[in-house]
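Please read through the structure below; I'll follow up with questions.
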């Protein structure tokens, strides 16, 4: 498989190209067979390569850009880190493809949808498997593009089109930082392949390394929706739910975490950058968790939960525990996409996103309810489920590596997570049904992938230790063995908080039917998402628009155009002025002649005098 | 004595000019010019260029001024004042008469300092500047013809 | 009969002619004053001819005279036409060429 | 060989004159055939071109007027690529105006062919005088194309366009006279001019003159006001060629003439020019964002993209220089395509006001697909052609000077903002008026116009080496000459 691993991204690429070109002519049946099978093939290949992997495989297909001292080969690399990502991405994508067959069954853009989904899988796999930064950048922007296309899939809805544009532009701002990071790294190292950078990182002063690392991190915050550039993810819920499940839960948003762990030596060398990553991660975690408390749209709650969980992963990597971070990423991919798929099933059944119009769906949608419950238990860190191991691994690493505050915030966020996820369950599945119509269970083609994912989210977390060992050949993975008692103490703390969270949720939403919980101002602020969107608009969007309008009307048309036309008119004016001389009166002409002669004579004679 | 005549001519010409400039009456002003030209002719003669003097007088004092008077009358005639015939003819006559006297005395032209005579002038023309001479004659011819054409009344 | 006085006369004639040209409004006077200017110039030319005793200058004076005469003839004809069409022949009438 | 390529359209145009204007079909097909044939012909030099030799190849020489004003044509790597860009786009532009131009087709196609000759001539001329002749000759057909077949305010726009450019090139003419006088036995051959010794102060003056002429043509920031007017009023094919090829002449002029012949002048002016280039990038993008008319938006977008190109050339590092030249080709393709598509929308909806357009993706799915890909290539999505050029330019400028690199890279965000905004306004959302639902789909001709361009997007994006290797050596050689480091004495005796 060593020779064929580079085929992994090419299957969906071929799928995407085929669907885009012939999308309009082939039947839906063919598409619903072709698209998932291609992604399945690449999942199979990545699984096989994962199994046979020994050391690091690099395959250069052709040299992409070669100008002067810059030479960027189109090279793919398969090593432990990218193997995990490849398997998760292709696996989740395969399941979601199958799920989408059911979900998008009666949509007129069916073929187009699967074309974009395949294109996305290709870009994500390219991002994950690339051996150097510019190639990763292709995948990086490729996923940005696909998220634009898929969020704005129902482009007739203005909200969706705006959300897609917003997502792309915010990503683009992140990519601006990423691009500058690439340039800086090139000026530093002269070669942009990961292995080269990781091995030569010590040759560079920490200061510049920090600058480069932070620039790349700007790109990561854009892509993984961390604090400054997270605003696009909640709006991205306008897109179809399987898209949110795949892109905004499992794969794309984790690209940032993957990039940081891929260039971990650079971050480690710079020291400060790593700290910043940890702190940004954990602050985003708690920030997003608080917002999720008060949202009424089921998908927005999950969106904020995603932001918060990714905050966890960044915190994990930030405190030096790359294995823990990646492990959480691995488990998160499964349970978060499951949450989204269940939400999709609920929406598919009820027809609306608003939780206030749901309730009591336990009886109507049993399978969805049970898978949803499993996922909820997982995310809140109940032992036995996968997230318990991965999240606590991160908290343990944080505590041990001296980041006490990060551990504390992490634990509080765990409590909040438990609260908002069970708030969601109680509002949708308990109490009586508040919406119209009669909710029906999702079709079988959607339930199968959900149950598979539920299975994964349970067993996924049972081998944390081997995960770290699997990654160790990368060299910068450290495995710390904590004393047994300390481990119990840490696990206990987060568990207790989780249970408290669940209890409060139960108390508020089941016993007192969810009416009592509004603390007035705090609620409104959280509900308004801290008015960050409005702030950004006020600070950036409107001044840019107004400023350009003003410049356009006054400066561009006014100043420059006027000068250009002005010079034209000046010539005309001059002409008119001169024509005034033509009075038609002989006397005037005689006068001009006389003066001319006299001046001439004077000049001639003057030389004589 | 000749100096005296010269100064008279000098003064007369300036007088003619003065009258021309400041006189209200068109025709009288034009007529006074005849006096100026006549006196100039005289000065020419005194200087020894009798031939030129006579041509000057004939051309200007005669043809030009008379022509102008005719045109002035055309204009004046339209505007009603016609009685000044007497004054005009008297001034013109005076000018011409005076000139004749001087020219008669050109034989002993006192200030003559040129060595060539009118004959030589003619020979000069005929010898090297014949074309130039013919050209001027052609010019005059065209002038006459064109003025006739200009004046022809459109049918 | 000093040469200076001759030059003085020609200068005066020329100045008078120019003044006439600018003061009076009607075309006839302007034409005449240009004639006077020409005569003044002729006089100066002649005095130089006599001083330098050059036959060519003399010839030129003659030719200038004849040409001036021709010019007057045409000018008069033009003025006559103007008069016939517009009754009065002042400067105003021929200012159609205004810019 | 190259003279044939340059003058075949001219001969065809002359023959067209004698054909009666009634059978319009003939003109449409014949002009397409001619320009198509010229394109095929231009592939031959591309293949036979040996990339290792940086000097102009396929040279042709004749005395023409003598006194140094002789006819010398040749193409080194850079001119060859621009030649190909022109011959590639001309047939597409002609094909796109088949049912766009309704009246006076005969004169229209004659003008298009004359324009093609003018454009080709500029890129292959090796003698400064010949360069100037083609430089001016190309203005005349453009004047008529905008003036006769343009929009409402066409006369104003075309006058402004021609006079503005003419004003610039007159200064250049003065420069040419000086060079003619100074150059040894009046040779105006480029490579003789490069080795010319001119005192620094005159170099600065001359550079200013040439730079102004080319800056107006590019256009760089303060001299750009003619472009939006010219574009909004020009017919589709006119603005395609105007944007895709004419604007490159400014850049080509800089790298071929202004910089190598007056390196001292360039050294003095380059910081200001770099600042102007960056302003063009940001300013063009900002202005594009607020335009109401789609074509004006695309016009301002080319101001922004040309800012990137000129930055590449002015910053004068090898990567940025090559990137700038490569970006010329990309911009030609993507902006040309943008104009073609806006033209197609205009043909159907007869309006370019973005407020009145909307939701066209439903009735015109294929067109919105093409527009999507073109917008992505123009934004510089990695994997497409725009990215390679911009990446090289930004990397080169970042290497030379960090702040310049950062400001320039800002353009990446801004271009995404206005182009996506335009795409959303035109294609997405609800259809504003019902008539648009029944708009005619893209017919075969339009598809055949767009398909080669899209193929090139991917080809130039994923395998740029195929193109870059052709002009890389010439670019390096041009830079060496311009920095007067060591004149590689390989100049072949330079014919007089």
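Read from first to last, the chains carry the letters A, B, C and D; within each, the first residue is number 1.
Everything below uses one rule, namely that a contact is a pair of C-beta atoms (placed from the backbone, for glycine too) under 8 Å apart; a residue touches a chain by one contact, two chains touch by 3 or more.
Here the structure is a predicted model, which means the values were calculated and not measured.
Any chain touching chain B that also touches chain D would appear here, but none does.
Interface comparison, A-D versus A-C: the higher count of C-beta contacts falls to A-D. Here the CA centre of chain A is 37 Å from the CA centre of chain D.
Look at where the CA atoms of chain A average out and do the same for chain B: the two points lie 109 Å apart.
Per-chain CA centroids place chain A at a distance of 97 Å from chain C. Taking each chain's centre as the average of its CA atoms, chain B and chain C sit 12 Å apart. Shown for chain A are the residues in touch with two or more other chains, of which there are none. Shared interface positions of chain D, i.e. residues touching 2 or more other chains, are not present.
Listed for chain B are no residues, as none touches two or more other chains.
Taken pairwise by the contact criterion, the protein chains link up end to end in a single open path, with no chain closing the loop.
The full set of touching chain pairs reads A-C, A-D, B-C. Residues 1, 5-6, 9, 12-13, 16-17, 19-20, 23, 26, 28-29, 31-33, 35-36, 39, 42-43, 46-47, 49-51, 53, 55-56, 58-59, 61-63, 65-74, 76-81, 83, 87-89 of chain C touch chain B in their complex. Across the interface of their complex, chain C is touched by residues 578-587, 590-591, 594 of chain A. Here chain C touches chain A in the complex through residues 18, 21-22, 27, 30, 91-92, 94-99, going by the rule given at the top. Chain D contributes residues 160, 163-164, 222, 224-226, 283, 286-287, 289-291, 318-319, 322-323, 359, 361-362, 365, 369, 376, 379, 381-383, 387-388, 391-392, 394-395, 398-399, 405-406, 409-410, 412-413, 416-417, 420-421, 424, 427-430, 462-465, 468-469, 472 to its touches with chain A in the complex. Interface residues of chain A, counted against chain D in their complex, comprise 20, 24, 62-68, 70, 74, 134, 137-138, 140-142, 145, 148, 152, 155-156, 158, 161-162, 165, 168-169, 172-173, 175-176, 179-180, 182-184, 186-187, 544-545, 547-549, 551-552, 556, 560-561, 564-565, 568.
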